[in-house]
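Here come two complexes built around subunit A, the first alongside subunit B, the second alongside subunit C.
Now for the complex of A and B:
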C-alpha cells in the first residue's frame, strides 16, 4: 500500500520516470563504454609487455618479411627465437596473436617444458592464427628470447617496435580518454542528482501526507532509498550492455587509432568483470550522493552552499597554478579538475549577480530578472553540468579542428611530390638518375631512405628512426620548422641533423644541441639544426642529408619522391614508370600517388579523434536532455507565477514572449558560462595535455563559428521549453489554481 | 616402449597450450585406453621392419622415438654416461605417401621433443626441447639419415658414420658414431608385445655403436670414447590405464652377450619382456615367466624413492645379475621427470649399461 502510494508519483509523472531511467542508462552506457575500451587497450599493452619483456625482434638484413622457413633456419642455428603472428580481426579492430607454446619452451624465463597458457583470446595457437591470416592482414615477427653474442649472417636485431618509448605515450592517450570518461561520470552524476532531487521536491507534499498518516520517516526514507536503488539498477543494467555495444562499435576505429598512433595493437582480450564492477561502484556512489539528501531531510539541495565563492576562487587559483607547472599528465588532469570545479562553483553565483535586477528596470523586465535569478538558483546543478559539457565540446571541437588544419598543412609540406616510388630490393638509386634527370619525365625528385640509428646517451642508448633525403631539393626546403638555426637546410647539407618534436621534447633538444648517433660500429657527433613537427607517430626521428650517411648504412626502406612536369598527362606518368622499370630491370614497381597517401593519412587521423568527439557530443546531448527535462519540471513548478502574468492582463502572445525570453536568457547564461570554460580547456588540451599525451603540441585556435552553432542549439532548447508552455498556457482572465507540486 | 611416458608429457604440454584435445584423465596412464588411437595405424604381430626406411618418421603411427644411451670413458678412464632422445607424437594421422601439410600454416599434426643428458662424476646434466612438426624445426629423414630438433641433431656424415651433437645449460657434446651392422629385432621379428593381450610396438636396436668425440661440462672439455645403444621404436598405443610405470634395462655383458629387459607395472601383475643376444649375435626373446626382477636397494632423492639396485635373473640363460646405479641423482627433471642412469653389472657375469625408471617420484602419484 505504502509502496503504491509512493510510486503514484511516477504514475502521475511517467515522463520523469522515463527521463530518469534514460539519463541513468545513457550515462552508464557512456562511461562503461569508454571504460571497456580503455581497459581493453591497457590489457592489450600489458599482455604484449608480459610476453615480450626485454625481447628483441630479429629482422632480415635484406628487409624481406620473415617466414616459417626463416624461423626453422634460425632455430637450427641454435637461436632461441619465438614466432609471434599478429592477425587483424575481420572488423579491423582487436587482433589475435598466434604463439607457438612448443617453441617458447626454450626461453630462459620459461620453466622447463612449460609454455604460456593459451586460454583463448588474444593468444591462440599459431596454427589457428595462421588459418585466420589466410584472409586477413597479418604480420609474423621473430623474437629473440635469449641473449646471444652474434647473429647469423643476413640477420639483424631490431628493438621491438612495441618496446619503443611509446608505452608511456599510449598510456597517456588512454588516460586522456579516461579523464573524459570521468568528466562524463561527473556530468551525469550531477544530472541524475538534479533530476532526482527535483522529483523529490515535487513529491514533498505527498511524502509529508504519508508521514501525517503515521508512516515513520525512517521507513519512508528506507523505501525511497530502495526505490532509488531499483531505479539505478533498472537504468544501469541496459546501460552497461549499451556501453559494451558502444565499445564494440567504436572498437574498430579505436583499434586503428591505437595501432597508428602508438604501434600498439588492440588485442581481443577476454571480457573482464572489472568494467562491470566499476560501473556498479560508480552507480552506487551516485545513489549514495542522492541518498544523502534523503537523510538530510528529504529535500534536495540544488542551491548553493556557504563559502561557495571563496572555495571556487581557491580551486580556480590552485588549478591555474598547477596547470602551468604540471609535469605529468595526472597533475595536468588534477589541475583541470580543479579549474572545472572552480568554474562549476562560481558560475551560479556569478550568473545570479549578473542577473540581479536594477530598480529602474521596466516591471516585466524586472520580473524576468528576478525569475531568472530564482531559476539559476534552482537549476544550479544541471546548469553547471550543461556548462561543463558544452565547455568540453567547445574544447574538443577546437582541438580536433586545429589538429585537422595543422595536420593537413603539415601533410601538404611533407607530401610535396606527385609520386612515391619504392626502390626494389637489390637495385641502386644511381641506376635511375639518368631517367629522373630528363626534364620531360620528372620536374624534380629526391630520394628518401629510412632506417634505424642508435642514439648514444649518458645512461642508455636507444634506437631512433632515421630519415635521409637530399637537403637541397626544393621539395623539402619548404617545410616549416618549429624551431631552427639560421639557414637550417644549409646546415643539414653540411652534416647537421633535424629532429622531430617528439625526440626534442623527450631529450630536451633545442637547435644547437649535440647528439651522438651510432651507425653500426661507428659513431658520429652531430648538431641539431632544427625541430620539425611530426604528427601521429610516437617514435623519435632524426633527419639528415643522404650525402652524410655512412657508406655501409643499410636502409630498411628506400623510395623516390618525384614531381611530374607541370600539366603532364597520365601517359607521362606511365612513361616515367616504364623507364624506371627498364632501368632497374624489374617487372613491377610499388608506386603510391600523393592523393592516396593523403587519403590514408586523413583516414587515420579521423579515427584518432572519432572517439573523443563522439564522447563529448554524447555528453552534450545527455546534458541538454537533462536540462530540458529539469527546465520543464522547474518551470512547471513555477507555472502558478507565470499564470499570474496572464491574470495581470498580459496578452497570450506577450505572455509567450516573456516566457520565451526567460528561457532564452537562461540558455544564453549557460552558453556564456560555457564559452570561457571551453577556451580555457582548449588551451589546457593543446598546450599542456597534448604534448604530455602525444608528444607534440598544437597551436592554440578558437572557433567562434562553432560557439554560435552551440548557441543556436541552446536557443532551440529555449524555444522548445517556451513552446511547451504555450501549449499549456492558461485561458485569459482565469485565476490560477495551485496544482500539485507547484509553488507560490 | 621405455619412453612412451614422455609423450604424455608432450600431450600435457599441448593441453596446456590449449591446442589439442585434453587428456581424458590426469596423469599419463589415462591416455592409453581404447578409442584414443583412432585413425592411427596399429602395430601387430606379423609386422616387419625394413631398413633404411624405418629410420625415418612414421606419420601414420602415433608415437615413436630414437633413443641413444652410451657408456663412455674419458681419456683418464673415468666413466661418463650420455643420453640423446628424440620423440615424435602424432596428433593427427597421416597416411604413408600423403603430402606434408603446408608449413606456412604452422600445422600441428605432430609435436616433437628431444632430451639430452650427461652423467659424470656423480653429477647429472639434463635439458629438453620441443617443436611442432612439418615446419622444418624438427624431423627425421632416411637418405641421408638425419634426426633433428633445433640445433640438436643426429646426421649421417658418410656411409656407416654418423655425427651427433647437442648442447644445454652447462653441457654439450659432439660425437662421431660408427653404428655397425648388427640390428637386433625385438620380440617377434620386431613386434614387441607390451601387454599380455598382444598390444605392442615395433622395436629394433643397435647395441654396439662405437662412439668417440668431445663432451664439454661446465667449461671443461673431455675426450670420450665407448659404446652406445640406440633404440628405434614406434607404436600407436600408450600404456593401458591399469599399467603404471616401467623399468627398462639395456646391458652389455663382458661375455659378449647383450640383454634388454623391461617390466611394465610392478609386483605379480607386472608384464615383463626382453631380448637376450647371445655372444654369437643371435637374439632370443624372453617372456614374463623367464625374467625375474626385484629391487634390492632404494635411494631417497628429492622427487621420491627410486630403486637403484636390482636383482635380475634369467634362469634359462644361467644369468644372475646385480644391476646398480652409481652414486648420484640421475633425474631427468623435465616436463615429465624420470630416472635415466648408467649402471654397472655384477654377478654371474660383469658388464655395464643403462637403466630407465618411470612412475617414481611425486609426479607419478
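Now for the complex of A and C:
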C-alpha cells in the first residue's frame, strides 16, 4: 500500500516516468556505445602491438627496397625470413597482406616465435598479393623469424618501421576517446540527476505527508532507493543494447579512421561481460549520486552555494595555469576538466547576475527577467549539461572545419600539379626530360622520390621516411612552412632538409637544428631549414633536394608531378602520356589526377573525426532532450503564474509572445554561456591536446556562422517549448491548482 | 445602469459519466456600484460563474451583458482588454507573482491596466503594508499577501471586481480586516463587486445574495 502511495506520483505524471526512463536509456546507450568502441580500439591496438612487438626486419645496407629476389637469396643462405607483402586496397581502407606459407613453417618452428602474429588482418597467399601489387601501391618487408649471430654481407637489422613511434600516439588517441567517454558520462549523469531531483522535488510534499502519517523516514528512503534502482535497471538494460547498436553503426567510420591513423584494423571483439559490468557500475554511481539527495535532505546546500563562486574561480585559474604549462596529454585533460568544472559552477550564478533586472525596467520586462532568474536556478543542472555539450560541439566543429580547411590548403600545396605519374620500374626519369621540357605538353614538373633513411641518434637509430624533390620547382616553393630559416628553399637547394611537424615535435627540432642521416653505409650531417605540416600519420619524414641524394640511393617509389599548360584540352594530357610511354617504351603508366587524390585524401581524413563529431552531436541531442523535459516540468510548475497574466488581460498573442520571449531568453543564455566554453575548448583542442595526441597542431579559428546555426537551433527549441505551453494552457477557466511554483 | 445582466444562463461540464449541469437558467442583475455575494457548497458553480463573468470560460446558453457590453459580441481580445483595464480578479491565494516584490506586483498590475504607478506606495500604505513593499510574497503573511492583492486591484481602478473566496484562507481577524478594506474601497470608488464566499457574514455585507445551490 505504501509503495502504491509512493508510486502514485508516476500514475499522475506518467510522462515524467517515461522521461526519466528515456534519459536513463539514452544516457546508458551513449556511454556504453562509446565504451564499447574505446575498448574495441584498445583491444585492436593491443593486438597490433603484439604483432609488432620486438620484431625485426632485414633491410639492405645500400638503402634499396627489398625485392622477391632478395627473399629467395636469403632463404638460400639458410635464414628463416618471412616475407610480408602489404598491398593497399582499391578504396584506400583495409590492406591485404601476402604471406608465404612455406616460409611461415620455419617461423612457427622457431623457438623464439618471433614471426609475425596472424590476427586481425586479412591474409592471402603471397602470389595472390603479388598479383594485386602489380597495379597498386605495395610494401615488401622481410621479417627475421629466428635470432642469428651474423647477417649476410650487405644486410642489417632494423626495428619494424611499421611499429615505430606509434605507441605513444596510439595511447594518446585512446586517451582522447576515453576523455570523450568521460565527458559523455558526466554530461549524462548531470542530466539523469537533474531529471530525477526535479521529480523528487515535486514528490517531496507527498512524502512529507506519508512521514506525518507515521511512516519512518528511513523506510521511505529505502523504498525510494529501491525504486530508483529498479528504474535504473529498466533504463540501463535496453540502453546497453542500444549502445552496442550505436557502436556498430559508428564502428565502420571509426575503423577507417584507425586504419588510416595507426594502420590498425578495428577488430570485432565479442561482447564481453566486462562491458556490461562497467555500464552497471557507472549506472550504480549515478544512482548513488542521485540517492545522495535522499539522505542529505537538503543539508549542505547552503554551504555549497556559499563556496560555489570561489570554488569555480579556483578551478578556472588552476585549469588555465595547468593548460598553459601542460606537458602531457593527461595534464592537458586534467586542465580541461578543471576549466569545464569551473565553467559549470560559475555559469548559473553568472547568468542569474546577468538576468537581474534594473529597478526602473518596465514592469512586465522586469517580471520576465526575474522569472528567467528563477528558471536558471531551477534548471541549473540541465542548463550546465547543455552548455558543456554545446560548447563541446562548437569546439569539435571548429576543430573539424579548421582541420578540413587547413588540410585542403595543405593538400593544394602538396598536390600542386595536375598529374602524378609513377615512374615504371627500371626506367629513368632522365629519359623523359626532353618530353617534359616541351612547354606545349608540360608547363611545369618536378620529380618526387620516396624511400627510407636512418636517423642516427645518441642512443638508438630509427628509420624515417624520406622525400626528395626539386627545391627550385615553382610547384613546391609556395608551400607555407610552420617555421623556417630565411629563404628555406634556397637552403634546401644547398643541402639542408625540411622535417615534418611530427618529427620536429618528437625530436625537439627547430630551424637550425642538425641531424645525422644514414643512407646505407654513408652518413651525412644536415641542417634543418624548416618544419612543414604533415597531417594524419605518425611517421617522421625528412625532405631534401634530389640533387643532394647520394648517387647510390635507391628510392622505393618515384613519381613525376606535372602541371599541364593552362587551358590545355584533354587531348594534350593524352598526348603527354603517350609521349612519356613512348620515351620509356612501356605500354601502360600509373597515373593519378589531382582531383581523385584530393577526394580520396579528404574522405580518409574526414573519417578521422567522424566519431568525435557524431558523439558530440549525440551528447548535445541528449542534453537538449533533457532540458526540454525538465524545462517542461519546471514551466509546468509555474503555469499558474503564467495564467495569471491571462487573467490580468494579456491577450492570446501577447501572452504567447511573453512566454516565447522567456523561453528564448533562457535558450540565448545557454547559448551565450556555451560560446566562451566552445572558444576555450577549441583553443585547448587545437593548440594543446591535438599536438600532444596526434603530433600536429592546427591554427586557431572560430566559426561565428556555426554559433548562429546553434542559436537558431536553440531558438527552435524555445519555439517548441512556448508552442507546447500554448497547447497545454487550459482551454477554459483558470488553472485550478497550484504546483510547487511558490519559489521566488 | 446595470453592470451585469445575466439571463437564462446554462452551464454544464462533460465528464466520462455524461453531462453534469452546473447551473441551469440562471438569471440576475447587478447595478453599477452594487455588490453581489455568491454562495453555495463546493462544486455549485461559484468559480465557474466568476470565470464566465470575466471571459475565461463561456456559458452553454443564455444572455450576458457586462458593463454595458453584450458578451456575445465580445471576442477573446475584447475580453482581454476588459480584464486588463476594467475587471479586477482576486483569488483565495496566489494572486502575486512570486518572483516580484509586493511593490513590483502592484506596479505590474497598474502598468497592464494603463494606470500610472506613482501612487503604488500609497496603496500599500493605506492597506497597512508600509515598509513591506520590497518584500517578496513568501516573506510576508497570508493576510499581507491578500492585502497586496487588493492593492493590485485598487491600483488598476476597475469598474468591476470579481473576488473568489478572497478571505477563504485567512484567520477570522485577518479575514475581517481584508473584507473591510474591500468593501470600503468598493463603496468609495463606486465599482461593482461580485464575491464568491462560504462565509455568510461576509455575504451579508453585500447588497445582493445569490445562493447557487437553490438558485435563489
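Worth pointing out:
Going forward, the second predicted complex is superposed on the first by the 614 of 744 C-alpha atoms of A that agree within 3 Å, B and C clash if a C-alpha of one lies under 4 Å from a C-alpha of the other, contacts with A are read in each partner's own complex, and residues count from 1 in each chain.
Please note the rule applied: contacts are C-beta pairs under 8 Å (C-beta built on N, C-alpha and C of every residue); 3 or more make two chains touch, one makes a residue touch a chain.
Quick caveat: nothing in here was measured; it's all calculated off a predicted structure.
Once chain A of one complex is fitted onto chain A of the other, the partner contacts of A:640 are limited to subunit C, with no touch recorded for subunit B. In the superposed pair of complexes, A:716 makes contact with neither subunit B nor subunit C. By the touch criterion stated above, A:652 is placed in contact with subunit C alone, subunit B being left untouched. By the document's definition of touching, of the two partners only subunit C reaches A:374; subunit B does not. When both complexes are overlaid on chain A, the residue A:18 reaches neither subunit B nor subunit C. Measured by the number of subunit A residues touched, the leading partner among subunit B and subunit C is B.
Looking at the shared chain after the overlay, A:366 reaches subunit C, while subunit B stays out of its contact range. By the touch criterion defined above, A:127 lies against subunit B but remains apart from subunit C after alignment on the C-alpha atoms of chain A. In the superposition on chain A, contact of A:708 is made with neither subunit B nor subunit C.
Subunit A has no residue lying at the interface with subunit B in one structure and with subunit C in the other.
Within the complex formed with subunit A, the residues of subunit C that make contact are 47-48, 51, 54, 56-58, 76-77, 80-85, 89, 91, 93-95, 97-100, 104, 107-113, 117, 136-138. The touching residues of subunit A, when paired with subunit C in their complex, are 362-364, 366-367, 370-371, 373-374, 640-641, 644, 646-652, 654, 732-734, 738, 741-744. Those residues of subunit B whose C-beta lies close enough to touch subunit A in the complex are 9, 13-14, 16-19, 103-108, 111-112, 127-132, 135-137, 148, 150-151, 153, 167, 333-336.
Residues 67-69, 71-73, 75-78, 83, 85, 98, 100-103, 105-106, 112-120, 124-131, 134 of subunit A touch subunit B in their complex.
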